[in-house]
Every structure is written in C-alpha cells, then in structure tokens.
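Several structures are given next for inspection.
Next come two complexes, and both contain chain A; in the first it sits with chain B, in the second with chain C.
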Partner chain A sequence: MFTLFQTELYKIFRRPRTYIAFAAITALITIVQLGLKMDGKEYAAFVMADLNNTFQIDGKIINGYFVCYVVLQLLLVHVPLLIALIAADMISGEANMGTLRLLLTKPVGRTEFILAKFLAATVYTLLLLVWVAVLALFVSMWLFGTDDMFLLKNSYAVQIERVDIFWRYAGAFGFAALAMTTVAALGFFLSQFAENSIGPIVATMSVIIVCTILSTMSIPLFNKIKPYLFTTHMVAWKEFFDVKVNDSNETIRGTIQNPDKLIRSSLVLFFHIVAFVGASVYVFKKKDVLS
Partner chain B sequence: MKMMKQLYKIICFFLVTGVTVQAKAQDMTALVNKVKAKMEMVNDYVAEGKMKTDVAFIKAPVGKVKVFYKKPDHFKLKRDNGISILPKGGVSVNMSSLIAINSFVALSAGEAIVDGVTTKVVKLLPTNDNSDIVLTTLYIDEPHLLVRKAITTTKENGTYEIQMSYGHYTSYGLPDKVVFSFNTKDYKMPKGVTLEFDDPEKLSPAQQLKNKKGKVEILYSSYVINKGIPDSMFR
Partner chain C sequence: MLYTMMQQIIQVEGLRKEFGSLTAVNNLSFSVAQGDVYGFLGQNGAGKSTTIRMLLTLIAPTSGKIELFGMPLSSRRKEILRNVGAVIEKPDVYKYLSAYENLKLFARLSGVRVQHGQLMDQLEMVGLAQRAHDKVGTFSQGMKQRLGIGIALVHNPQLIVLDEPTNGLDPQGIADIRNLILRLSREMHKTVLVSSHLLSEIEQIATKVLIIDKGKKIVEGTASTLFDPAKTVVEVQALDNEEAFRLLQESTWAGALQQNRKGVLLQLDRQLIPQLHKDLVAMNIALVSLQPRHSLEDYFLRVTTGNQHVDAWQDENIVSGDTQIN
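Moving on, here comes the complex of A and B:
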C-alpha cells in the first residue's frame, strides 16, 4: 500500500494543476500582505473605528500575528475550492483517462487502493496548509514584526499577549488540517460518481458554497440544521483566539474560552471524514469499474 | 420707613453672605494653590507599574507599564512589549494635568470621606471657555495636601472619576495606585467586519448596565523623580 501511496503522490505532484493552488495561495497572501503593509494604518482605523471613539489604543496593531489571522479568515473560505481541484479528481481523473481498470489489475485490494489515494490527497491538503502557514504566519512575522494580538469579535474585543499566541496558531493550523481534510474527503467521495473531473470538482465546490451560505445565514429555519453542517464547524479554529478571563476581567494566559466547542467541532469534522472515506470505500468496492 | 429698614436688612444679608461665599471661594483657591505648589515640586518623573483594564467588552491582560510625565502637561504611558488600551481623554491619568488649569474658580462643596479619610470637596470651574474641562470636583485631604479623588466632566469625553491611594511617594503628591473610572458606549461590530457569524450571547439588563462602566487601574511600583526627560519622549 505504501508503494501505491508513493505512486499517487508522484502523480499528484507531477501534474501542473497541483501547483495552481500553491500559486493562487501565494498570490492571495502576497496581495493581503502588500495591502496591509501599504495601508495597514487605514485598515486598522476602519476596523477599530467603533472602539477608537472611546479608547486610545497604542501599540503595533498591524503585526505579523494579526496579519496571519486576517489572511486565515479570508483564505480558509477559499482553500477548500483549491483542495477540491485535486481531491475530486482522484478517482474520476483515472476514470477519465481510462487507467482506473488498469490500476485495479494490480494485486492490491480495493480498500487499500482507495485509502492510498485518499492519503495522497490528504498529504496534498496538508502541504497546502503548511505553505499557507509559511507565507501567512512566518513571512508576516518577518514583514510586520510581532506584538500582542488585538482581535475584534461581534460583541467584544480580545487582547492576547505576544507570548501566548504561537501555540494558538499551531492549534489553529492543526484544526484547519482537520477541516480541510474533511473537504478532501468530500471531494474524494464525489469523485467516485463521474468519469470526468469537472463534475465532482464543481459538485464539491457547490456543496461547500451552499453549506457555507446556510452556515452563515441567521435564519431560524437554517439554525436547526447548522450544527450538522461541516461548514459550520470548519470556522471553529477561531476559538483558539479567544481567552478566558478571571473574576477581575483579566485574561488568563494559556486558556481557550470555549474548549468544548472546539472539541465538539473537531469530533464532527472527524466523523465527517470517517463517513466520507467509509462511504467511498463502500461505494468503490461495490462499483463495477468499466473505464 | 419700615419697608426701607427691611430692604436694608435684605441688602445687608446678601452682602454678608456674598462676602462669606467669596471668602470661602478664596479659601478653596488657596487650598488648591497649596496642592498645586506641592505637585509642582515634581518637574518630571518616570514611573513603573502594572495596568489593568476592566471594561466588560474588552478582554485584556494585566501588563507592565512605564509612565512618563513632564511639566506642565506632558504625559505618556507605554506598555512594555504590548498594546495599551486607555480611555480617550484619560490618557493623562494623573492629577497634574487637572491641577495644571491656571485660571479657575474654586468653590467649596462641603466635606466627604474618601477611603476613610475626611476630605474637602472643591468644585473647580475653569474660567477659560475653550478649556475641554467643564467642571472638576476635587476631594482634597487638607492636612496632607493630597487629592484623594477627582471627578471631571469634559466637553468631548464625558465624565471621569480618578481615585488615588498614596503610600511611598506621599511627600511628592504622587499616588501608588490610580483607579480611573469612566462611562463606555455600546460596542457591537458588524458580522461582515469580524467575519464571525455566530449569534452573540444575549446579556441581561443588569449586565448591559455593567457594560457601560469601565475602569483602568494603575499600580505604581516605583518613581524616578526630577531626573530630567527629553521632550522627544513625548512625540
């Protein structure tokens, strides 16, 4: 199975299409960083306008940690679409080229075959996230320096001490890996049902877009289904950037405001991954491969 | 003739009470001037301490701060390696800036107890129409010439209360602890800006009321007094 996994990885990284995602991410992050570097003060003034009426906030608001948070907020909505490009092509791409039947002639079980392909798609997803981390976090830290993080939530603001931030990013990227693997699993599952790549890629994107809209709209009817949508839980990485306070309203270093929510969301995403991959294995084993 | 006598009595009464009020006002001016004179012993200082921001809708850590002051009203607060949040207008969380008003009318408003100390209540009215301060009420500890509490109403930034506790630097009129209380406005950010689509928790009316009050507390650990600070520090 390891050889099969290596072969799949080789196939993924041999295709030029794979690097579109890396190029797109590089362009997007560079644009945001350039914009904030040139006009960061204006952006901070706009975002802080409400608070600036009452308070004078001094310090380096636009710093590397803050920029990374802004980038992740913007980017983690779009990265799933880039993951779909590869994950939704894993089976349908082979079917399209007519190599699927040929591959199955090898002395490898269908379960191992499908798991090796999924693992390769997961590695691609993780590498994409590592690339995001390098550009969004490390390059931003180098470009903008570091300081405390001052974040605005809907009904309050949070200041996180500089020394209390890095582990939160490690956690946030770990969580994002889980969320993006869920997207990869969805794309992978849908790729079973077509003999061309376009269909599953568009279907994956459509599912993500529809579910994201349902997750973000505050309409009572949708509120009932929101907890079951994976897109609702994909944004829970932000929980890493909310801190508990003591009775004197002082932040407690090393804490997370809603760890339960984070655990619940992780479990929901993990369940989705297991369900999609399990369903993929089940469907593929039953599938009559003709192409 | 009887009416004339009554009129004479009334005029006398107003003259006497007027003179008394004037005398009291002068007394308070003298007291304020004494406090000012004590504070003017300090030309500049650099103080170190810890700052705590207690505003219902801001979660902030306690942080080490460095405070720079130079006569007449230069004041700067810097947080060590971090972001500082101070109420607007309250940047000069010190008494010197309040006392720095040169032309004022000081009226007595009785006595009050602050932190177990009997204080003279003095209403300070700036005579300059362009002053941002509309009214300051000082609670002066007369024997020690210390301002224990001040309530200031400004044109631009509402009403503030500053309460001070003294210890090691009483002789200079510099506090060990300053608690700065102020009113805050409602805070709510559009979801489109925060990109957070969860519905925020609904607060009870009592919590909403509490949310309108804010407090900044500075606990000074040391002062370096009259050693000179360059003006560039305040730019």
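Moving on, here comes the complex of A and C:
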C-alpha cells in the first residue's frame, strides 16, 4: 500500500499538468494582492462608506488577514476545478493512457490501488491548499502587515482582534481541506466511468454547479434536500470568522458563533467522502478493465 | 514457487465470459506446461484478449476455473501475479517518464527492489540502454513494445504473457520480438503465452498451439503435430483442371488427391513437391500454377473466417494424441 501510494505521488508530481493548478493559484492571488496593494485604500473607503458615517474606524482595514479573507472568498469557488483536473483524471487518465491494465497486472489489490490513488489525490489537494495558505495568508501578512480584522456580514460587522485571528485561519484552511477533499472524492468516483479525463472533469464541475445552485436557491422544494448537499456545507469555513459577542456587543476572544453548524457541516462532508470513496472501491473491484 | 507435479503453469477449465448478450469466451479449456511457448491463435475478435485479460484478473470470468502455478487465481491473485509478466496489446507506459524511470516504477509495483545495474541490464537486453534516460514520449512503437517486454521481465517472472506483441511493428521489430521470445524460452527457460492473429508468427516460435474462434476452442496441439511438413497442401491450377484431376487419379498421386472448384488439391510431404512438378510436366498437364500451402494455414483460415475463401483439405488425422479439434 505504501509503495503504491509513493508511486502515485511520484506520478502526480512528475506530470506537468499538476503544476497548472499551482501556477493558476499563484497568478490569481498575485493579481488580487497587486490590486489591493495599488488601490486598497479606495477599495476600503468604498466598502466602509456606510459604516464610516456611524463608526470611527482606526487602523489598517486592508491588512494581511483581511486580504487573505478576500482571496479565500474569491478563490475557494474556483479551486474545485483545479482539484478536479487531477482527481477526476486519476483512473480515467490511466485508462486513457493504457497504463491501467499494466498496473493491474502487478501484484496489487484493487482496494489498495484505489485507496492509494485517492490518498495521493488528497495529498495533492492538501498541498494545493497549503500553497493557497502560503500565498494568501503569509505573503499577504508580509505585504500588507497585520492588524485587527474587520469583516462586513449581511446585516452586521465583526471586528476580530489581531491575536484572535491566526487560529481561525488554521481552522478555516482545515475545513477547506475537508471541503476540497470532498470534491476530490467526487471527481475520483466519476473518474471510474470514463476512459478519458475530460468527461469526469466536466461531470465533476457540473455536479458542483448544479448542487451549488440548488444550495443557494430559496425554493421550498429544494430546502428539503439542501442539508444533504455537500455544496451547502462547503462554505462553512466562514463560520470560523463569526465570533460570539457578550451583552455589550463586544466579541469574545476564542469563540465561534455557531460551532454546532461547523461540526454538522464537517460531518456531512466527511460522510460524502466516505460514500464516494466507498462507492469507488465497490465499483472498481467489480470493474472489467477493457481499456 | 511450488506447483503441481505435472508442472502445469496455466490450467483453464470451462472458462466463459459474457458481455451482455455477447459470449466472448465460451467454455474454453486448455493448459500450458512449464517451458512451453504457447501460441494462442485466432482472428481479431476471436476472444484471445478477453481470455488473456481473464488470466491476468483484468476481467472477471462469468464462469469457469483458472489456476496458475497450481493455485486458484481468484483467491491467490497477488501471489500468482508476482510470478507473471505481461504485455497486453499496446505497451502503454508513462510518456512523461524515461524508460529507466518506467522500469523502476513497475519493478517496485511488482514487489522487487532492483538495483541500478540490474535495471540497465534489463534495458540492455531489450536494446534500450542507449535511450534509458529519454522520455518514452519520444520512442517509436517498436521501442515502446521492447520497453513493455522489459517491464514484463523486470521482476524475473516464470510466466510471460504477450498479447499480440508484434502489432504495429515493422519487419525488423517483429523479428526482434520473435528472437526475444525464443531467447526467453530457450535460454531463460520461461513459460510464454503469446497471442496473435497471424499463424506465420506463431508457427516460428510456438511449441504448442491453441486456435480459438468466436470464443471457442477450435484446435489445440503441439506445434510439431500441427505444423507437420507431411501435411502440406499443394494447390495445382491447370488450364483444364478436370483433365489434370483425371490424369493424376490414374497416377501414383491418386492417394493424395482431392478436387475443389478452383483446382486440384494434393496433400503430401513438402519434400515431394519437386517430384510432383516433374510428374505434372511429364503428364503434359498445362500447368498454370503450383502453390504449396500449409495445411494448418488453410485450416486456420477456413475455420476462423466466415467466408470460406479457401476450400481446404480437412485433416481427420489432426485429431490425434496431442491434438484435438473441437
């Protein structure tokens, strides 16, 4: 199993396609950082226009923590496509290249094979998120400095103290890893039904788009299924930035407004991962390799 | 590795595979002994690749039993596959890796850690040492095929399974693969199962042959029996075939004689062909052509193709001790 896992990682990181995602993320984050560096003050003035009439806001609104939040909001919608590029190619790509039949003539179990491949896809997903974290958080902290974080929600604003932020990002990235692993598991599952990569990649994105639409539409018929859709829970990383307040409306350090929601979302995503991977093992064990 | 006293490397009994309403392999039974070069013959779509894929666990049989090295394939798959090397149809490997890297990767997956020198020796054996560190994407079909065989051999397996190994190769490539198979058998004492739709290829290397068509066994026998030169068929074309047939019937050749619509057929030992030619000239038969054909080739074409473009001699004798026609 470990040998299989090692060889899968070796193959992933020897393929030029793997680095497209890293390059795309670097470009996207750099563009956002550049834009905020150049016109950050105007952007902050525009965003805070209404609040400035009510509150006196001191300090650096556009700081590293705030930039990271902006980047995550923009980027985590698009990262699934980059994950699908690799995860949805894991089996179909081997079938397309003709290497699947050669691999399966080796003394490796099919369950081991599938699990090793999925673990390798997960490692790729995690490394992609680590790269996002390095660029979006650490580079932003270096470029923009640090201060308290001021976030505008739908009907209220949240101020999080500088010393209370870092662990929230650690949690948010951890949750994002779970969400993106769910995408990887979906792509991986769909990868078994095709002998070229395009189909599963498009199918993965189509499922995500359809489910996201269903998750966001406020139609009673869809409300019943919303809690079961993984897309409903993928954005729950934002819960880490909803802080409890005391009677004086002051934020309480080290708290999350709705931890139960976060736990529920994590469990739903985890269940989806187990279901997709379990289904992948089941299908693959019965699969006739005809490619 | 332990296997039975008969040293049967492959034993297949009543193998069947259905894809929906299509029966790709139908009640197929055969066995391959240690050291055999077992030729697996059949037209395209006859069921060769499906059978081979079942032997390698790529396809699950609908029914039937497969044993390799005396062990049931279904329950001792890993143990068995450690001793099997295979090239199935096209030898597809990772194009973005070099020949050396591919070989190393598949050696690891085969459960062996091979040293640099051994990998280079393996590449040398298949004639790729000079290109060891070039990306496989730059290789010709023949080079990929040789690398595929190198990968099949890298863990020193007892059984080599080659499915249509000469597909897409030029004549030199075909000769190289043929020589490699002979070397594997004669010098390295490997058991080789090789499939092809070309009789001429199998004829030159196989010690035992199985012909299948539409998933069924047609004939199985030792090459020495099936390729017996005494079973050469000569087709005589004359200006007047009926007259030629009458004259031959009155000659010493009467016992070897058969007639069909297109000409006159004689079954004889290949060495007697010059004498036949002399006698035909002596009998003043206006000869148009005299064409020796291998009896098995005629037979193979007749039984494995829908249209009977050759009215071949049917050799009752082909059903003998070592040989069976189904």
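Odds and ends about this structure:
Just so it is clear, the second predicted complex is superposed on the first by the 291 of 291 C-alpha atoms of A that agree within 3 Å, B and C clash if a C-alpha of one lies under 4 Å from a C-alpha of the other, contacts with A are read in each partner's own complex, and residues count from 1 in each chain.
As a working rule, a contact is a pair of C-beta atoms (placed from the backbone, for glycine too) under 8 Å apart; a residue touches a chain by one contact, two chains touch by 3 or more.
Quantities reported herein were computed from a predicted structural model and do not represent experimental measurements.
Comparing chain B with chain C, more residues of chain A are touched by B. After overlaying the two complexes on the shared chain, residue contacts for A:14 are found with chain C alone; chain B is out of touch. In the superposition on chain A, A:127 makes contact with neither chain B nor chain C. Of the two partner chains placed around the shared chain by superposition, chain B is the only one that A:61 touches, whereas chain C remains out of contact.
With both structures placed on the common chain, the touch criterion links A:119 to neither chain B nor chain C.
In the superposition on chain A, no contact is made by A:279 with either chain B or chain C.
Once the two complexes are laid over each other on the shared chain, residue contacts for A:108 go to chain C alone; chain B is not touched.
In the superposed model, A:243 lies in contact with chain B only, and not with chain C. In the superposition on chain A, A:251 contacts chain B only, with no contact to chain C. When the two complexes are laid over each other on chain A, chain A has no residue in contact with both chain B and chain C.
Contact residues on chain C toward chain A in their complex (touch as defined above): 19, 53, 56-60, 77-82, 84, 86, 88-97, 101, 105-106, 108-111, 148, 151.
Listed in rising order, the residues of chain A touching chain B in the complex are 47, 50-61, 73-74, 147-148, 150, 152-162, 215-218, 235, 238, 242-243, 245, 248-251, 253. Residues of chain A that touch chain C in their complex: 3-4, 6-7, 10-11, 14-16, 97-99, 101-109, 286, 288-290. Remark: chain B residues 52, 54-63, 77-79, 81-88, 91, 184-185, 187-189, 191, 193-201, 214 touch chain A in the complex.
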